[in-house]
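Which chain is which? They are A, B, C and D, in the order written, and residues in each are numbered from 1.
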Amino acid sequence: MRAPLNETGATPIVPNTMKAYHFEAFNDALASLRLREDPMPSPGMGQVVVRMRATSLNYRDLLAASGQLPGIKPGLIPLSDGAGEVVAVGEAVYRVRPGDRVVAAFNPTWISGRPEVEFMRAMLGGTVDGVLAEYVMLDQQGLERLPDGLSFQEGATLPCAAVTAWSALHCGLPLLAGQTVLVQGTGGVSIFALQLAKSFGCRVIATTSSAEKAGRLRQLGADEVVNYAQVPEWGAAVRELTGGRGVDRVVEVGGPGTLEQSIGCTAFNAQIALVGFVGGLGAQINPRLLMRGGLSTHSIAVGSRTDLAKLLAAAEATQLRPVIDRVFAFSQAPDAYRHLQSRRHFGKVVINVD
Amino acid sequence: MRAPLNETGATPIVPNTMKAYHFEAFNDALASLRLREDPMPSPGMGQVVVRMRATSLNYRDLLAASGQLPGIKPGLIPLSDGAGEVVAVGEAVYRVRPGDRVVAAFNPTWISGRPEVEFMRAMLGGTVDGVLAEYVMLDQQGLERLPDGLSFQEGATLPCAAVTAWSALHCGLPLLAGQTVLVQGTGGVSIFALQLAKSFGCRVIATTSSAEKAGRLRQLGADEVVNYAQVPEWGAAVRELTGGRGVDRVVEVGGPGTLEQSIGCTAFNAQIALVGFVGGLGAQINPRLLMRGGLSTHSIAVGSRTDLAKLLAAAEATQLRPVIDRVFAFSQAPDAYRHLQSRRHFGKVVINVD
Amino acid sequence: MRAPLNETGATPIVPNTMKAYHFEAFNDALASLRLREDPMPSPGMGQVVVRMRATSLNYRDLLAASGQLPGIKPGLIPLSDGAGEVVAVGEAVYRVRPGDRVVAAFNPTWISGRPEVEFMRAMLGGTVDGVLAEYVMLDQQGLERLPDGLSFQEGATLPCAAVTAWSALHCGLPLLAGQTVLVQGTGGVSIFALQLAKSFGCRVIATTSSAEKAGRLRQLGADEVVNYAQVPEWGAAVRELTGGRGVDRVVEVGGPGTLEQSIGCTAFNAQIALVGFVGGLGAQINPRLLMRGGLSTHSIAVGSRTDLAKLLAAAEATQLRPVIDRVFAFSQAPDAYRHLQSRRHFGKVVINVD
Amino acid sequence: MRAPLNETGATPIVPNTMKAYHFEAFNDALASLRLREDPMPSPGMGQVVVRMRATSLNYRDLLAASGQLPGIKPGLIPLSDGAGEVVAVGEAVYRVRPGDRVVAAFNPTWISGRPEVEFMRAMLGGTVDGVLAEYVMLDQQGLERLPDGLSFQEGATLPCAAVTAWSALHCGLPLLAGQTVLVQGTGGVSIFALQLAKSFGCRVIATTSSAEKAGRLRQLGADEVVNYAQVPEWGAAVRELTGGRGVDRVVEVGGPGTLEQSIGCTAFNAQIALVGFVGGLGAQINPRLLMRGGLSTHSIAVGSRTDLAKLLAAAEATQLRPVIDRVFAFSQAPDAYRHLQSRRHFGKVVINVD
């Protein structure tokens, strides 16, 4: 179960300084994202220094850049999602050792169990420094071993989007093979939800707005795809595709009017996982809709380190291949942000830390 | 565990005919509720004839009277809630025997487990005949034994309102002693939810609109009562009563704007049980509110016969005393309806079947 | 979602009499299994007549033959597992219609939810007549639609063994992709558990006693196979195959000393599903073993009709192909019993009803 | 929700040294338990110094004294259970502040969720120093606020025994009011289980070996008490007291032959919580017994800090009054151990830290 030392086989030499990106301001201008030379972190009791190898971007990172995340740390090193290898450990570290390939947990103090308000204090790339740096110091409790079958780039796509998809699929009643899952669009959470649901033996119906994306969703395993640009009453179309019975789960990522149609195409005892800014900022729904037979809605909050561990085990067992849209070099980090902003991606945007 | 034969001790003599109320029309005029002489039912395979002793009214019965329930049976014998004693059993009946004190289940074909769409086909006093009759024929699967500690009148208050309160308290994550439960107003479900939650070791905060009702809620065990007529921002007041932490459960029965304030006073990982016509017919909420940390909402649908059995066991163990507002004679059934319509009651309105 | 009328496309003509096997005695001599000409059943209220097309045998049917099942019906028509098509329906039947392809539920009165003692009263081919007949009368509540993707023979293998495997995999904490499941031997439940666990994204370790069977288990997807004839300490070997962590679930079907080794190779928070005559009749274990970290054991009792429905949905979505060892003609039913008795089979033994 | 500063109202003055008991050897001779003058601990990042006010003993502490706990720390400060007030906090402490009344969690690194093997590394008074000292340094994550309604002595009885009882009552299916719970004997876990179950609206049957203890159990709310010294077949007697139906939960603390009788008196779908050295060291049971209808067994491991928080909330809401047998002065700690060894206690043995 020991991970191989690293992908090149050589033990890294730890320098005295390292490069890290910092936001000097949060004003939506990526010019304020600066690469700086920082001192090499030295691990204290229970701490671990990780040589980052790859990171990935989430929509949330655009919000951070423009100062829309609450409680953001001044001078933040951005990004929550990264994978690398342990190069140094402090006193009393027992969870990993130098050479281990690891991935960082989104909420490093949410170890297990339900979300509690105090577990939300520390979020990488938000209230605490993130991973867009050559070396990152983490508490040993805030990381998990990366399975051999996943590359650093693949591992770096998982902590936020894939764990959120995992949590969304597992909210409420147990997920069962044979259930029908509705996923919306081609964002990171939606694509992971599609892939995970298929590998659990579910039937997946996806929505999208273009024929090209529909084709890619089908390639990834979607049993049915509804083009909501062509079919404004896509909820009714989804219901029809279930023979009128409805879907068992919705991974709801929002957009104006989405939730109303989502509710309308659910079966008895369905779970709706609320992931995104549901319905947009100004949307309204009639709450009577929520009283549909056996329906429950669930607010999703990424997941615990234990959820990350379970996802990694599932990714290994099902040979999950995260969809990577494009890989940027470390020096091109601002371009990676712009690419995400352009919304032309299909899959995760990765920044190598080379 | 055998129930005593009946409260008078005498074995009833079963006549050839019996009296039953029927709705000749559903037009909101109680004049169409007529007492008729019907032939005595004769139990077929698996069927049971029950001599009704007491029934109770729910708000739903007013909807039935005015034709607002879907799928209502023409010529309906109304009311879902009744208790009595078994006087005759058909072939292959093994669940009860003559003399047993019993209470009817709201959905006679929903035996156990989650609600399924097909279990909703038969609802007493709606899609099938109810209990406002001297003798009622029921499938043996559609009833439970009434514990010795509960009178017929008390038993008759339970199948709809108390089972709904039970289901509302048990939706989602397990109910725990020490949790804080918010109940709204003084309807049947709310009062049962208050009493049950207190007997489970919970703290209960209730809302109401009058000082007199507030006093009665406190007598029933409410730890705190907020008068929403005096405190329009009652949600904030409820939150303050929890030291800012919020409530763990809401038994939401609705009214304009209720849900929004209810959500606002929940703690992390709260469950909101949606029981009534939430928020009134025209209300709207921003679905982003539903994304509060760990929150889930649950649509409540009365409960199964097994839920009724569990409630009865809890009622016996905790010596639940249902709050009965007023008892009407069988001949005064229309007056009982009018009393419920007047909304002057506090507790259940009972009609004896004498 | 309507099933095609039947596999030949022709509406069956219902004769006046039909053939059915009956046990004239329960003495282990298959000579007492007689084919008789019975009157054609006529469906009463809520009843359905099914033209059986295929049935399958379980180990339990050998116990029935030798009188080792409690409460067995004199003159029993044996076998619980069968699939066919509806040819006639009684009054008030709404769940199926003539021409529907259906499969019978093992416990026809256990509709949904947890097992309750009273749901155990009726078990096909035990306390009530089973399916080894040309035509069988069933309550409409005791059957489910057979998905198009499953043949009658395949459908006939599912009600007992596959539903038991489903229940065994879903006991206790939710089943998760990425978990490791231990299955034992090559009985019907074990093979279904292997196939289902693989289609849910689990890792499966199987035990068996021959190299040939090991090969077949690997073909069916087993990630690892331990030959317990060669490795008496197979529990330690299983643990080693998990890197020392242990398995998350055991589908325990018993045999001398099995449970002790099974417990020994579990991870923290494992579930052991107890399916068979665990440990043989005389085995003993030290109950301290059950106190392993987070361990739970669960007694498994086939499953409800709703469980059957969920299994059928999963079978369709994951394209489950039940392993059929051999198919016997209706006239050869005693030979099918003998084949099962010989324990030379790998997979289900089917009897066609031709 | 702020706790009062302390029970005397004065802010404590922190000295430079403090007294603590240490085991110089683990040889069952309490002579090796020595009171020493230690330097006052100084809180580092995230750490808290607590002025202990009261501690309590568990059976486990006798095992520690005689070296029977695995992984015991040399020179151990013993005892897991203590309550006191915060006198100093290190950097980045946000969960408590000086003056807060607190109680220590048994496993300081098991914050929430299921037990995981790595959460078991740190157990107060076992693998890490415990609380039998004037001042104790704890990680801020390893304690909870003591509700105002509980004294230090009462709070000190809860972390091990009461949390174990809480976990035992909440294993498997949700605990419901109206269920029947079997508790065994008069140990700390059993008495807490009795009190908690009663405050949740359950019916409780207790077993004991003396008429005097039976009387005290009845005073604490036991609905029925069976004297197993007089009724060797106490399991059958318990079953009879449930009208033949059986109990829904057993908090199994062991002793020769206990588990076998416990299983025998369970109802369908019962949960057996395995708490103690079940059945003694040499006992054996036939594992077929575990296949009783719907039965599950659950290994119990005290509980997480979140469980402690939930128990404290329940204790406050239900006005739990822990049963304290006798309170010893700090200087009499060895006498407290001897009193526990004598098994003459009924309720918790407390050592004040005065």
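FYI, a contact is a pair of C-beta atoms (placed from the backbone, for glycine too) under 8 Å apart; a residue touches a chain by one contact, two chains touch by 3 or more.
Everything numeric in this text was worked out from a predicted model, so none of it was measured.
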Check your understanding: If you take the mean of the Cα atoms for each chain, which one ends up farthest from chain A?
Key -> B
Exercise for review: Could you quickly compare A-C and A-B and let me know which has more C-beta contacts?
Suggested key: A-B
Check your understanding: Where the CA atoms of chain A average out and where those of chain C average out, how many Å apart are those spots?
Key -> 40
Point to revise | CA centroid of chain A to CA centroid of chain B, Å | key: 44
Revision key, fill the gap. By the touch definition above, chain B meets two or more other chains at residues 114, 116
Point to revise | Residue numbers on chain B that touch chain D, as the complex places them | key: 1, 170, 174-179, 196, 199-203, 243-245, 310-318
Check your understanding: chain C touches which residues of chain B in the complex?
Key -> 44-45, 94-95, 111-114, 116, 118-119, 121, 304, 306
Review point. Where on chain A is chain B touching in the complex?
Key: 114-117, 120, 171-173, 259, 268-269, 274, 277-279, 281-288, 290-299, 301
